[in-house]
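Both complexes below contain chain A, partnered by chain B and then by chain C.
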Partner chain A sequence: MEKRKNLRRALSVVAVIGVMLFTVWAERHMDAFQVRLIHMWGIYVILVSSFNLIYGFTGQFSLAHAGLTAIGAYTVALLTLSPEAKQVSFMLAPPVWPISVVQWPFVPSLLLGGLLTAVVGFVIGAPALRVHGDYLLITTFGFSEIIRLLLCNVPGVCNGAMGLKGIPKNTNLAWVWGLAIITIFATKRLVDSSYGRALRCIREDEIAAEAVGVNLSFHKIMAFVFSSFFVGIAGGLLANLLGTVAPSTFKPDLSYAVITMAVLGGVQSLTGGVVAAGIYAITSELLRTIESPRQIFGINYPGMPGLRALTFAVLLLLLILFYRRGLMGATEFSWDSVFSRVQRLFGKAKSGGEEA
Partner chain B sequence: MTFDFFVQYLANGIALGSMYALIAIGYTIIYGVVRLINMAHGDFFMVAAFLTMWGVLRLGLPWYVAFVLATVVTVCVGLLAERIAYRPLRKVKISSFIGATSVSFILQNFFVVFFTSRSKPFPHPEFLDRVLKFGTVSIPVVTLFIMAVSAILFLLLSYIVTRTKMGRAMRAVSKDLEAAMMMGVDPDRVIAFSFILSTTFASAGAFLWCSRFPFVSPFTGVVPGLKAFIGAVMGGIGSIPGALVGGFLLGLAEIMLVAFLPSLTGFRDIFAYLLLILFLLFRPGGIFNVKVREEKV
Partner chain C sequence: MSVLETKGLTMRFGGLTAVLDFNLTLEEGELVGLIGPNGSGKTTVFNMITGFYEPTEGKIILDGREITGLRPDQVASLGIARIFQNSRLFREQAVLDNVLIGHHLRLRSSPFSAVLRLPGYTREEKQAHEEAMTLLEGLGLADVVGEIAGSLPYGLQRKLEVARALATRPSLLLLDEPATGMSTEETTEMMDFILKVRDDFQLTILLIEHHMRVVMGICERMVVLNYGKTIARGSPEEIQNNPEVIEAYLGADE
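Right after this comes the complex of A and B.
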């Protein structure tokens, strides 16, 4: 048993190193389109895992992901932009004091982005103590929209609806996937701990959970804060990937995109989330090329704007009607299942050999 | 601020409020009967506006014929959505919300794909463009038209809900679904009827709204839909008088905010959302303190 455990651990380490080496290789040798795709995949993985923690494992449905991502993205964007760039890009009003002078390196900005988003997540999670179900999702939706509208209306802090431009592009594949792996591991550890059991208990039945001594407010808030921290980091990565942020990026559509991925993968499965995020990223980029107008063999192809959103809306409806379990349901990837599969494969091969 | 300005703002506020109230009624009827936040309501509104525009511009129909046809088609769209997306999910809470949201996105983006997202002028009847002068106060005819039509529709609704058999069945289902079923009420019929009512009101609201703000795009329904929803929550979602009062108050409050504190105009949506959150947190029953039917597990 102990041997198995060590083997599993070793395999995990090898897999992580493998992924990281792949990202370094991909950055150098793949074309821009593929690199962008793998970037978005990683960022979606962080967003989906954190959504699964709140909805899949704790049972609190939140529509605040778009607003929280915006907080992370804007914080990191404002911290990494140079003061000169800010003076140029703030057209409506000059930047206010602390923002006009700061410039931080990437890593501390990312951390602060995460922490600040966690604080906002605390504020957004607090209503979960009072309201449930429909009311909670509307409350979180309201918070998310308030954040977006504030970004549009405070020109001195975030340049209003024009957004920020010229953000240094610090994000690379290694950062994105490193942080995605950390998110998955941290979430998995949390879910498997005694805290995680308490969270599942809350999901199944709040009254029963309280009766057996689970501290409802502590655990709910913890889930929100924990997940918001990673959402903020994903936002920061996004800002430093795109080089621009604008309030229109953080419309409720973003929250629904995350929900689509989570439902597709299975809301209680982190593995499913990773797979679904990949499918979503690929489909999304492919549909984007179909959407955009261009010339094919001299014929003007006008493009089909809205096709992407329409496809995903239909997909979400079909999923929720016929495939609510998602790809993975509540099962996770584990080395043990790989072992048994490999054993079965070899066993079969052996027996096949005997027959021949 | 002079008195005539105040009267004008008041008239605008009442007009906006009555449109919010009309749309809010659509939300509240559905919530009262099915316990579903129909996120696609604003998009039924948009569909009605689009079809009316089409009827007038493409088919050359007079506006009232176009409006009636558009309403009929919108009702069919609503019933179709109910049959396909809402009915199978009625028992699963969060899923039904996601289903409704998907319907909303499908409608919006269907129109974006096939009719582009540009906004087009809405062909409203010309007599609405005139302005009436009462001494120093000038009020556009469209404002008065909105108030009159809303008043008639409210009376009609209260007649349907309180005096007809179907209305009684609706109230029964909203109070206690199982008891109503035991009394021989067919919930599917009642729910279908409430969707007919709700989409009809959305269609009327769309016509009035687009006469006042004469542009149509696939996203026309989003803002009025959300505002009306906030109005419905303020009044107490599930209650028809609540939707009326909530919608009116929100419309008036918005116009008065713009009138008295013009510097905060950009913040008016933020205030609306704040009101929504505060009501949900501290008075989920709304102004009328509506008691929500407990779902039996």
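Right after this comes the complex of A and C.
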């Protein structure tokens, strides 16, 4: 048993090193389009893992992901932008102090972005103590929209609907995937701990959980804060990847996208979420073609913006109707399943050999 | 000193008085039955004692300390455990996890140290595992630790619910119809189980039960509710012959 455990641990370390080496290699050798895809994949992984913690494990359906991502993105963007660039891009009103003078390096900016988003997550989590199910969904949706509208309407802080431009592009694949791995690792550790057990109990039966001494408020808020921290980091990575942020980036569509990925992967499976995030990142790029004008068999197709969103909406509906378990349901990728598969493979080869 | 004392406990829902002026004192180690026809307010009494309802009037005192108005999780951590009328196991989780969750309220490590698996957390979790295993072995559930709780036969599910309650280390256990829907043999087994648990864990037990055989068989003292009012109290024999109780259960003679 102990040997197996060490082997699993070693394999995981090797896999992580492998992923990190791949990101360094990919950054240099793959074309810009592919690199962009892998970037988005990694950022989606962070978003979907943090959503799984809230919804899959704690059972709190939240639509706040878009707003939370915006908090992280704007915080990191404002911290990393140089004061000169801010003076140029703030057209509607001059930037307020201290935003006008501050410039931080990337890493502390990301950290503060995460922490600030965690604080907002605390506020958004609070209604979860009083409302459940659909009502919580509506409340968190409202919060998310409030954040976006604030961004549109406070020109001195975030330049209104114009957004921010010229953000230094500090994000690279190694950062994205390194942080994605940390997110998954930390979430998995939390879920497997006594606290995770308490979260699952809350999801299953709040009354029973309370009766055995689980403090509902503390645990729900904890889940929201923990999840929001990573959402903020994903937002920061996104800002420093795109180089521009605008309120329109954080429309509810982003929250829907995260839900689609989570359901596709299986809401209680972090590794399922990784696969689903990859599928989503790739298909959403490929589906761009259906929005652009083109000739099909001699017929002029004018292109229909918004068709992608529609496609994903239909996909989500179909998933919920016919494939609610998602790709992985509540199971995780494990080395043990790989071992047994390999064993079966070899076992087959062996018995086949004997027959021959 | 008494373990639990309720003074003038009253619960009103709008114009409806579910429980009126309920007074009860439980001495250490007692097994007291709370009976009454359907809708007489028995479960409401439990809900008030465990903090799910805040009583409209009255006081609840546990070990000399007033606990009226505390949250259910606070009440649980002060030593009152409860099993529900309709099983409320965490059916999707393993038997072991159902018991381990009862240890969670004593966990002192923060979520932070749980994520980092700091030594303090690891030690607490290991200890919880060992104690949970000991508890499950002691209650004859050792063979099913790995099973999903919802897949167990009904009798074992009820036992597991008691095990989960015991894991919180209560001094007072409230059992709400533990033998409902059980066969004769299962009921007998449950009676023995309750007595054994009381002796092994030095508990005080308040029991709601409709099976008269169970209540009469194991309770030392009983309280009878009807329409929220206490209509009788005394030994099983006294209760059996009390005309008011007979009337409440069977209706008055014409």
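Quick notes on this structure:
Heads up, the rule we're going with is that the second predicted complex is superposed on the first by the 341 of 356 C-alpha atoms of A that agree within 3 Å, B and C clash if a C-alpha of one lies under 4 Å from a C-alpha of the other, contacts with A are read in each partner's own complex, and residues count from 1 in each chain.
The definition used in the following text is that a contact is a pair of C-beta atoms (placed from the backbone, for glycine too) under 8 Å apart; a residue touches a chain by one contact, two chains touch by 3 or more.
All values derive from a computational prediction rather than experimental measurement.
When both complexes are overlaid on chain A, the residue A:321 reaches chain B alone and has no touch with chain C. In the superposition on chain A, A:138 makes contact with chain B only, not with chain C. Judged by the touch definition given at the top, the superposed model places A:212 against chain C, while chain B stays out of reach.
Applying the stated contact rule after C-alpha superposition, one finds that A:104 touches neither chain B nor chain C.
Residue contacts after overlaying the shared chain place A:309 against chain B, while chain C stays out of touching range. Residues common to the contacts of chain A with chain B and with chain C across the two structures: none.
Residues of chain A that touch chain C in their complex: 186, 189-190, 193-195, 197-198, 200-201, 204-205, 207-216, 222, 226.
Interface residues of chain A, counted against chain B in their complex, comprise 61, 127, 130-131, 133-135, 137-139, 142-143, 145-146, 149-150, 152-153, 253, 256, 259, 263, 304-307, 309-310, 312-314, 316-317, 320-321, 324.
Remark: chain B residues 35, 37, 85, 88-89, 92-95, 97-99, 101-103, 105-106, 108-110, 112-113, 116-117, 218, 233, 266-267, 269-270, 273-274, 276-277, 280-281, 284 touch chain A in the complex. Listing the residues of chain C that touch chain A in their complex gives 50, 52, 71-73, 76-77, 81-82, 84, 88-93, 97, 100-105, 107, 111, 114-117, 121, 124-125, 128, 164-165, 167-168.
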